[in-house]
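Next come two complexes, and both contain chain A; in the first it sits with chain B, in the second with chain C.
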Partner chain A sequence: MKDPLLRLQELCLWLPVKGGLAPILEDVNFTIHRGEAFGLVGESGSGKSMTARCISRLLPRGAKVTGDVLLEGVSTLSLTPRDLRAVRSSKVQIIFQDPRAHINPVRRVGDYLTEVLVTERGVEQDVANRRAIEILETIGVTAASTRLAQYPHEMSGGLLQRIMIAAALLVEPELLIADEPTTALDVTTQADVVALLDDMRRDRGLALLFITHDLELAAAICDRTGVMYAGTIVEVQTSAMLHQRPLHPYTAALLAARPSLTAQVRPVTISGSPVALADAPAGCTFAPRCAYQDSRCRLERPTLREGGVGSVACVRAHEIASQLAVVAESARG
Partner chain B sequence: MTVGLASRRATTARVRRSFAGGDWISRACVGFLVLVVLGAVLAPLLAPYGPNQINLAAAYQGLSSQHLLGTDDLGRDIFSRLLYGARLPLLGAGLIDGIATALGLAVATTAAWVGGWLDAVVSRTLDVLFAFPGLLLAILAVALFGPGFVAPVIALAIAYTPYMARLIRSVAIRERSKPYIDACSVQGWSGAWICVRHLLPNLLPFVVVQATVSFGYALIDLASLSFLGLGVQPPAADWGLMISEGEPGILAHHPAEALFPGLMIILTVTALVTFGERRGALRSRLR
Partner chain C sequence: MSNEVLVVEHLRKEFRRRRGAPGGESQHLIAVDDVSFAVAPGGALAIVGESGSGKTTTARMIVGLEWPTAGSISVAGRVRSARRVPRRERKLRGREIQIVFQDPYLSLDPRQTVGSCLDEVLRFHFRWDSRTQQQRREALLAHVGLDARFASRLPRSMSGGQRQRVAIARALAAEPQVLVLDEAVSALDVSVQAQVLNCLADLRAETGVSYVFISHDLSVVRQISDDIIVMKSGKIAERGRTDVVLDAPQSDYARELLASVPRPGWHPRRRVVAASATPGPEPVG
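Presenting the complex of A and B:
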């Protein structure tokens, strides 16, 4: 197999808190190939966004990182500031969750869209404007040329999210990180944006890291999906198989917790509440909430192991595989 | 093209709104300030007499059609001197304010951006500077470099910098932590570029309000120095100097020479501070 575009190797992250460092991510491993869409799902605070930020090295002051992020075989964690800027402006783009907060409110949308091209690539301003208009029209923004002269506050959230997507696509990155790009949008706009991202990926062959807490959405867009819990990846496999035959009890529990449109079953909730990595027990992070836990789960933290179709971090994975499949089956109704 | 046209129209509309949108008090303040500036700039055209045209035969005259505001002990026309006398204070206060704002912006934005030990060092240095009253610093400068226009202006500019810097730093730290700055970093721009192109424009509204108010204070401090004889020297026409030269006149029942420049200082500063504070209040309401 070819070298992947992105490889995260045993990535660990600590963030400074009062009186020390709090662990945020532990042993995050996954790869994304060119043209592939990889989904990262998990509850709030499970470390999805922090993983994305590590890739672009957008970390708060005092953060400590071990492990490695390899983009085309080059570690982004050890790049010089100049090289890091080059990578950011050409290879990796991030679409953020809340476009209104992430676009400078006092600058025109046109400036926001074309500034990278003009300043980092030396493209002429009117050429950049033309390309911005083209992209906006491709992604279904009407009256694109007048939009360029408008300010963010003159636009709706859905439109702004498109602007942000356009800005990310304009620089033609290799990897597009979409950090819950549809959370701030209503359902119809959400569908548009998702379709748009999918089109762009197919047309341009860019790799997509899609972060969401919506399992269905991840399944609809992504080839493979990783599930995160308390700063660790507990399971990675193809999106279709993830739904049919989850390997980790947490994934199965998430699937069972969804309301069904067809079946008259009450969703099964996961007891307890999600923990931060810092508060997680010594063994498996999910053990206290897990219906299948036994004494081994509390001894040491399981690592993500390759096994047939996907990888899973669970010591009992083999023993409970059939039970989990039943849970997923009944959840589908 | 259409883009340029639309944007220009939007800009003029915004400018119009920011001036006409205020209440009548703000508009009156702006109107008065415009008059003062026009009077100072056009003094050679407007003044009926030269500022230093002595006519001992016409000393201490009251208000009349020849001398609108009367004359001083040397028979100089007070109205003419009032027009000319606005030039140095306005220029000086403008310089003080401009230098202090520029220095404050540079220092505060750098401190807020880099953070860590640099921010700590800058903040403590500002604290030390706060301990010195501006006037004291100015008097020190005069003692070192002699009275005049330049020394007090530079000293006051340095004395005003901490006030600008501390305010801007607090706003800049808040803005710096906003997500759009992160989004800028991800675009691959350098810190300096993000500061100048993205952070600064978001600080300007606060800076403008603070600069308006401190312009008024600078005007008072300059006038105080002139009054104490440490600023510009006679026979120059200058409001603060006119007040001190008018002192004997007050005792001789001819208060005009001290009264009118005093009034002008009060009115100008009041107009500046009122306008500045109303702009600030408007801003915070809009937010």
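Presenting the complex of A and C:
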């Protein structure tokens, strides 16, 4: 088997809080191969974005990380600042949810697009401009040359998100991390952006880590999907099967809670509310909200185990598999 | 039609917008253009559309936060006529219609306990002795699925879904006949959104309140509304029963919206013309 492009190994993260460190991620494991789209779904606070930030080490001061992040076999956690800068400007690019918060508002869009090429790679400014225009045209931005001279406030959110995608693609990365790239966009613009990412993946063999709270969206874009809850990955399997035959009770509950587009059916709620890893109980993090929990679930935190079809972190996974399939089936309507 | 609780006729809103340099020529942006609809008592109307379609401006005009350029609005059989109205009239209007906004982090006072937040509304509208008021307060909390202990909590100690339920309880405290919900469940996580949706469905069944539900999420709208209006660029592109429109949309725009909803096996294709076909500065927001 080929070496994966990205491998996360028992990644744990603590962030500084008043009076110590709070656990944020625990034992996060997954791999992404070249040209593969991997989805990471979960509710707010589940650790999706922090997982992404660990990959290119965009972490706040005082953060503690154990485990490893291997990019082409090299640990990004132990890179020197200089090598890290090289990785960030060439191999890994991140697109964030809110382009307005991540693009310098007082610089022209053209400067933002060409900065890495000019400062890191020594490309001539007018060559860089030409490449920026080319890529803007590929992703369906009209009047590209005029756009370079504009400022972010002159553009709509959807257009600015395309600018951010263009900037990420300009450096021809191996891995594109998209952190809720379409959440702030209208559905028709979202469809455009998704189609664009899909094309780029096919044309350039780009690997994609797609972070979203929307299971349907992940299913549409990603080959495999991992589900996160309270800083842990509870399930990983192919996106298609995740919808048909979820392995973890939380995945099944999420599917049943999503309102249906095709029928008026009362969504099935999950009792309680999502917790942070720091507040999670000793056993399974989901146990207090789980309809299938028994005494074993409270004893020990289950680890992600490789099964025949996917991986799941649930001690009762085998016993409840058929029940979860029924839940998923009724959720599809 | 006289028994409708909310009637909106030929509503229009223009905003003046300056183009180019300050002091340059101004032009009118038509945010809402000839919008008419009615809501029956206990009914639920959804207004859907993308950003800039005029759905939020419509909601703001209904509750009186914006004044229409043309057209009429009547709530509970009374026409909203004068722009400036005396306190007594404002109070009456508060009993007729209330609004819940998208972000409960912004719409609740961070330093006010839940109990005090509800008491303020109850004291303003009703003259009850303290015992009745407390009972009413607890009943309101129970309506939205929160127990009486929440009365002493501050917003920061609650989750997003709990806060949004407090915002709904506060809006219901004045016992309005119409509740306008502007993207009220959009910011909530899936599992919490389901709780609030069910809470809203139960409230309508129990109290007979009418909803005007503003949303961009067609799945949510399917669960909560009887009728639907699809807006595009300030105009109504399509209207009808929610199930009929979502199962068999007639307009191109409604079809496009539906086709853009992600689902397993969904493979969107890039539209030939990008969202930003016109060069030059374009409107923001």
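Here is the rule we go by: the second predicted complex is superposed on the first by the 331 of 333 C-alpha atoms of A that agree within 3 Å, B and C clash if a C-alpha of one lies under 4 Å from a C-alpha of the other, contacts with A are read in each partner's own complex, and residues count from 1 in each chain.
The criterion applied here is as follows: a contact is a pair of C-beta atoms (placed from the backbone, for glycine too) under 8 Å apart; a residue touches a chain by one contact, two chains touch by 3 or more.
This is a predicted model, so every value here is computed, not measured.
Placing chain B and chain C on a common chain A by superposition gives a fit, with no clash between them.
When both complexes are overlaid on chain A, the residue A:A128 reaches neither chain B nor chain C. Looking at the shared chain after the overlay, A:E120 reaches chain B, while chain C stays out of its contact range. Once the two complexes are overlaid on the shared chain, A:Q264 sits against chain C while remaining clear of chain B. Rounded to the nearest 10, the angle at the Cα centre of chain A between the centres of chain B and chain C is 80 degrees. Of the two partner chains placed around the shared chain by superposition, neither chain B nor chain C is touched by A:V234. Of the two partner chains, both chain B and chain C are touched by A:T146.
Of the two partners chain B and chain C, more chain A residues are in touch with C. Superposition on the common chain A brings chain B within a closest Cα-Cα distance of 8 Å of chain C. Common to the chain B-facing and chain C-facing surfaces of chain A are residues 146.
Chain contact summary for the complex, chain B toward chain A: residues 1-4, 6-7, 10, 115-116, 178-180, 182-190, 193, 197-198, 201-202. Of all residues in chain A, those touching chain C in their complex are 43-44, 140-143, 146, 150, 153-159, 162, 186-192, 194-196, 198-199, 213-217, 219-220, 239-240, 243, 253-254, 257-270, 273-274. Contact residues on chain C toward chain A in their complex (touch as defined above): 50-51, 159-162, 189-195, 197-198, 201, 216-220, 222-223, 243, 246-247, 256-271, 273-284. Residues of chain A touching chain B in their complex: 56, 58, 61, 81, 84-90, 92-94, 96, 98, 101-108, 110, 115-116, 119-120, 129, 145-146, 148-149, 167.
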